[in-house]
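See below for the structure under consideration.
Labels for the chains are A, B and C, by order of writing; each one numbers its residues from 1.
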Amino acid sequence: MTPDEPLIDFDWVARNLDEIARRLGEHLVMTGIAVVVGFLISFALALAIRRSRRLYGPILAVSGVLYTIPSLALFALLIPITGLSLLSAEIALVSYTVLILVRNIVAGLESVPADVTEAAIGMGFTPLERLRRIELPLAVPVIVAGLRIATVTTVGLVTVTSLIGQGGLGYFIVVVGIRDFFPTPIYIGAGLSIVLALAADVALLGIQRALTPWARASGAA
Amino acid sequence: MGAGKRRRLMDLLSSFLAWLTDASHWTGDTGIPVRVGEHLLISGIPLLVAIVVALPVGLFIGHTGKGALLAVSLGNIGRALPSLGILGIILPLTLPLTAGTDIPLGLPPSLIALFALALPPIITNCHVGIREVDRDLIEAARGMGMRETQVLTRVELPLATPVILAGIRTSAVQVVATATLGAVLGIGGLGRYILDGISQHDDGQLITGAVLVALLAILTELGFAALQRASVSPGLRSTGDRAYEVAGQAPRPPA
Amino acid sequence: MTAEPALSSSPDDDPGTRSGAVVELEHLTKRYGPSSTPPAVNNLSLTIPAGEICVLVGPSGCGKTTTMKMINRLVEPTGGRVLIDGEDVAGLPAVELRRRIGYVIQQVGLFPHLTVADNTAVVPTLLRWPAPRIRARVDELLDLVGLEPAAYRDRYPAELSGGERQRIGVARALAADPPVMLMDEPFGAVDPIRRDRLQNEFLRLQARVRKTIVFVTHDVDEAIKMADQIAILQVGGVLAQYDTPEAILAQPASEFVEHFVGADRGLKRLSLGRVRDLPLLEPVLARSGETAAEVQRRLDAAEVDYALLVDARNRPVGWIEAGQLGDGEVRDGRLPEDLAMPGAPLLMPESTLRDALSAMLGSSVQLGAVVDEHDQVIGLISVDQIAQLMRRAPDDA
């Protein structure tokens, strides 16, 4: 690497378009798996908390500790057990989403105003109908807010999994870029990772808007 | 859990304990005390510099309301930046600095990246913490004839301290965690044990590194949490300091 | 359940709703705790005739809301039972029971994520009515509570005023045509002027649907205005008196009741009378654009001092005093609209004489304009008329 080298070597980009597309797809899939599995687990935990409030403290404490463990350390702890594998990567990625998602799902379900709940019970909603028709729809903005944070965070963390042989776009940063002191793949990997995070964020925001036409109404009133 | 799996876990535990208790791993340039010390230095220096830079900026934004958009978007952008990506992006820029010197080529990018990562939570929380102070109190303070600096130091700052400390706590934990990744650029700290453990297929070293990093991050979190609780004015404590712990901050991203 | 007949346009026609059922409370008791704790509701027995409004009223802690909630089993009684048309409510699953009883609460509790139409359709949807029937019913209900279906159907609660939300709350409670409605301080969160109007509209509505209504309030005046029967409860859930408003005002059963209804019972009895009971006076109407001289001529002919300025659709704008018309520049000119003193109190035939009196005493002119449901003037009443009525029927307590 010399100072008069161009910032981005477009020849390299042109030669590696297929590889870039493949890694981008891999990055997207790894993020998707982590967020979807994390959401399912968190949703189940939130329903359990809704039934028994006492579970909230312990669940938050455990997911909080997991959240605090640096990603490389968590990957490392999994390597001797599940190997340098996609499974190791996903276990760690999923566990990072749980804290944010559980907190937001519970907060969302609990955000239903007391008078709305009273009216619903008084009109003869069963608990399940209340969850499905009232609590869930009203929780959508808070739940999607959690999904957005979890998704953006996961996109960034996927790059770290390149250190355990996975990694999507992180491959360009670590394996091609840093090891060979070659900046172009670093810029491509980091740049596309940021673009992916922002695109996912905007897409989720769009989904939320589509799901909650009523939330816009308050501004118009 | 099958008997085989249990065996495997027992093996891992014993190789971990064996590595950890091996006296030779506690001395010399690659010994545990040196690595922990390196890790603390690599995290502590950028964190301190970030606090010195971010506090005045954040307090200015919080007090005047100027640049509030910057404070808010900094927090959001900070989240989308992959920490490994920042390290990688800075590396080519600092290479000319280290060329031909004794400075490890990974050190400047690590310090700069950690400094940059530590800024947004502190600035954002300064802004949020001050903005959340009851406007009536500030009106009253002005009404009693306080100068703007007095309003800031006597009313806004004491009330916003827990939120500001929460921001520093977020930065600290993130910096300690991200410092692990410096090992990718060949510098010291506890991340070395993890990467060396992976490349040498040495489970004992790998687990020791992971456990020590995790412990360091958790201790940092708990230490700052205690500091934050202690900083809540006694007059507010009865109203529940929980409000101050969660006030206005999205959880920091894991690193 | 019978099918809903088509919506009728004339307010005199019964819109074809199922009318009320008899509600009986038998030795109803509620304790929150072991049998040693004092009861919240104590051995309460009363029968509410079908199609009448029974108001539960009393100081806080008298168990009125608890009593009401035992009817739809939001609170399960410790002892005694509730019968609707002779059927014990404990014999039905609570959820099913609640779908057959309308429920209106003070904060309304509209679902913010549903449109007005979907909010109104909640119980029919739970009951799995076919979609066309639900759609027809929603329009019928919106009409019934005085909201134009086409304009309101697709709005969200956040886009409604407090009074509109309350109307939707009532429509929602009526949706599945329940024989019984429970109303917990339904107008408590609305400001006094709108409250009077909502009360009047509700009474007009009730005259058509004839539901059996259990209505909780802490406001004696509201109780007197709304009730066919009043149950006054005292702390500990003991029934102090259960009778018509007239009987309670004339013969309070105890010192507690006498205290509770207040020292001004003579004035309170005015709440029994309605504006429609008085002979309406013929107003002198003026329209902007008329000349002052014409209006003056009419005022002289009628021998009154005030003319009521109305707009093109006969809705009151304000009062014009005879003296103002004599001023130089006005005399020969056309009436400017801003000449009128604003604030003619608007009264409805259903307004109580008490509300009418305080509205008139609060305005500069001691007359009240009586309007119909389209806000068009149908006549006037005066403070004097009410004063005469009070002199004729002195307080006999």
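Everything below uses one rule, namely that a contact is a pair of C-beta atoms (placed from the backbone, for glycine too) under 8 Å apart; a residue touches a chain by one contact, two chains touch by 3 or more.
Note that this is a predicted model, so its numbers are computed, not measured.
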For this session: Please state whether A-B or A-C has more C-beta contact pairs across its interface.
Result: A-B
For this session: Would you identify the chain whose C-alpha centroid lies closest to the centroid of all protein C-alpha atoms displayed?
Result: A
Problem set entry | Distance between the centres, which are taken as Cα means, of chain C and chain B, whole angstrom | 62
Exercise. In whole angstrom, what separates the CA-based centres of chain A and chain B?
Worked result: 21
Seminar exercise, completed: Note: chain C sits from chain A at a C-alpha centroid distance in Å of 53
For this session: Spell out, as numbers or ranges, the residues of chain B touching 2 or more other chains.
Result: none
Exercise. Which parts of chain C, given as residue numbers and ranges, touch two or more other chains?
Worked result: none
Problem set entry | List of chain B residues in touch with chain A within their complex | 8-9, 12, 79-89, 91-92, 95-96, 173, 176-178, 180-181, 184-185, 191, 194-195, 197-198, 203, 206-207, 209-211, 213-214, 217-218, 221, 250-251, 253-255
Problem set entry | Contact footprint of chain B on chain A as seen in their complex | 1, 3, 65, 67-74, 76-77, 79-81, 84, 96, 99-100, 103, 149, 152-153, 155-157, 159-160, 162-164, 170, 173-174, 177-178, 181, 183, 186-187, 189-190, 193-194, 197-198, 201
Exercise. Quick one: in the complex, what on chain C touches chain A?
Worked result: 72, 74, 94-100, 103, 105-115, 122-123, 126, 155-160, 169, 172-173, 182
Exercise. Considering the complex alone, what residue numbers of chain A touch chain C?
Worked result: 113-126, 129, 134, 137-138, 212-215, 217-218, 220-221
